[in-house]
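First chain written, first letter: the chains are A, B, C and D, and each begins at residue 1.
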């Protein structure tokens, strides 16, 4: 069970340009998009960390950019880490897919694609899960749909 | 005398069954829409033809069942007259059973009874 | 000319024969559609289609306050209504660093365990019915009514209670709440062995569930299959043990684990979890401390800016609530990591190669609740 | 001669205008004995389709189980296919993606068929009325509804009361002279 400092040190060791955020419930790190797959692979295979269970993956739409959020847990050491990737390109948001490393991520990513419109590079089959294809992306902050949504 | 009761039996059956069907077609309301005649597949329009090449194992099962079904049909007339004929009928049926039993063993050995 | 006609009419050896176990199907326990490709009777592959009950709860939660979210979360996984509400409340309380009175922690844990037993009872009735044993439906739901009476007496409603509020409880429980629970435990300790005689010992049931839907520990972890389904494959993922919340640290209970990972193992895990939940109830019901039923809370709950994460063990697995708050009374973004969402997508790997009748047994053993998948 | 269901006399039922109209039409002399016989048979064996989308389905199962037994009112068995069902109990939320499926199921049911909208979601979208983009607010946008049962989820007794109201409605219909009381829509 590594505590917060050790986890941050390991991440900085693996990805020097990672940015550790303080004062949050769980150890967090914002990492650049191209380092995501490589870092998760190392964290999974590294004996000290062993993050082999992806609790959940989602996205948050901060008006200027998207933030892809991954929660990992190690089933051996029981410590949790949150990896976040900033996606600034709102027109065509694109990020690497983790479906190869974590099969459960394939469906989290399809859900995020369905509700946010973030595309995933080399994803096995990127199709919408809930809504039909021509519909907008409902969880985006700038999503408006006068026909269906009745504001309170 | 027996034939009248037989005819009466068929007549009653005909009246009951026919009556029910005719009565319900006369009285029941009918509504037709496009989708009603299509096959029901849990609410989703079914795609792709249903003509598929089934595994031959299913056909074998059906045939073997048919053989032993017919065998039991032959038992009924035998059972009726068995008392009068006595021992000779008994030997007769034993031979009949062994022949079919061998057939079953052969089918079993060849694996026709293994469910696909 | 005739070859073409015949060719596209008869499906040849290599083309796939696809059938729909569609939204309206007795064995899918709700509106979930399996697109199953068959070869004779064996399943080649299976594609689950969801979204037939997607109500956009996460979008709705962005426009309502925290006490109002409680009324939506118990409509997600309605068989563990209390535990869902408890998850959101714990997340809000941890964010505000509000210390909840002891009495509330005990009552919340008791309600969670009662809800778990009621959910397992309903699963057992439906699972028996999936495999053709109709009597389990009447036995299981008869005993479940006893728990619903306890809930109805204290909260007025049988299934969806919205009783656990951020900061504590909506009001205090009924005076003879403890008496009813003791009566229920005494009653159910006599009835649970009946379940084993009825289904567990039945040779037909065992043949239909042993060795079917094999899931190894690595597949369970890779697909994130938590709860009794994951514990059936030997992965100890009980959040009540990993990160105890409410009164779980004051209770001695052990985690039910099976290793062979087939449908029968998942069945045994849930049956033994019912016994374990009754032990927990017995340890708690006698010493509920006195005190008020809620902490002092401001009428408008505003979480400080930041992100909050809370994990809870529902009857089906690990429910995680992830709230991003920007300081005003409605959450900026709320994500529910629902257990059934991950449990569902392991279906393809554990059902291909088995018969279609086993597909029904496996989906029954995963105990899926579909509105929890689609949210 | 009130329409009596299971020893509950006609006056005990909370009437509403539709059934009031039905009583005046259904009660007078022209109801031939054949109609009474047919309707006696049909109203006491209404078979529902196993169709439950969310929480109301659990209360429908509880109504079918041993304590609130549905079968006392003739709801003996839940048919899995619409070909053998008389009534669709829409128990739960209907979403835009599910609406065509529900319409198809309704169309594939043989006549005479009925619909019970069980729960607030089926009546008007219920708790999912505001701020959702995918909920059909009320199942009568998709299929004609005979009986509405409010509640979220309605208690099994409420569902049984709704079915009793449906039985009264069935008893008032006439087949020999169908033009007299066509569907009271």
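Keep in mind that, in the parts below, a residue touches a chain if its C-beta (ideal position, glycine included) is under 8 Å from a C-beta of that chain, and two chains touch if they have at least 3 such contacts.
Computed from a predicted model, the values in this text were never measured in an experiment.
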B-D versus B-C: which interface comes out with more C-beta contact pairs?
B-C
Report the inter-chain centroid distance for subunit A and subunit B in whole angstrom, where each centroid is the mean of the CA atoms.
60
Here the gap between subunit B and subunit D, centre to centre from mean Cα coordinates and rounded to Å, is 39
I'd like the Å distance between the centres of subunit B and subunit C, where a centre is the mean of that chain's Cα atoms.
45
Taking each chain's mean CA coordinate, subunit A and subunit C are separated, in whole Å, by 25
Which subunit D residues sit where two or more other chains touch them?
82, 97, 101, 105, 130-134
Mind pulling the residue numbers of subunit C that touch at least two other chains?
22-25, 51, 54, 56, 59, 63-64
For subunit B, what residues touch not just one other chain but two or more?
43-44
When you check every pair of chains, which ones turn out to touch?
A-C, A-D, B-C, B-D, C-D
In the complex with subunit B, residue positions of subunit C that touch it:
8-13, 17-25, 33, 40-42
Which subunit D residues qualify as touching subunit B in the complex?
34, 38, 81-83, 101-102, 104-105, 107-108, 111-112, 175-176, 178
Subunit B residues within the subunit C interface of the complex
41-44, 46-49, 51-55, 57-58, 116
Subunit D to subunit C touching residues, read off their complex:
49-55, 57-59, 61-62, 65-67, 78, 80, 82, 92-93, 95, 97-98, 101, 105, 127-128, 130-135, 152-153, 155
Touching subunit D in the complex: which residues of subunit C?
22-26, 30-31, 51-57, 59-60, 62-64, 71-72, 75, 78-79, 122, 125-126, 137-139, 141-142, 144-145, 148, 158-160, 370-371
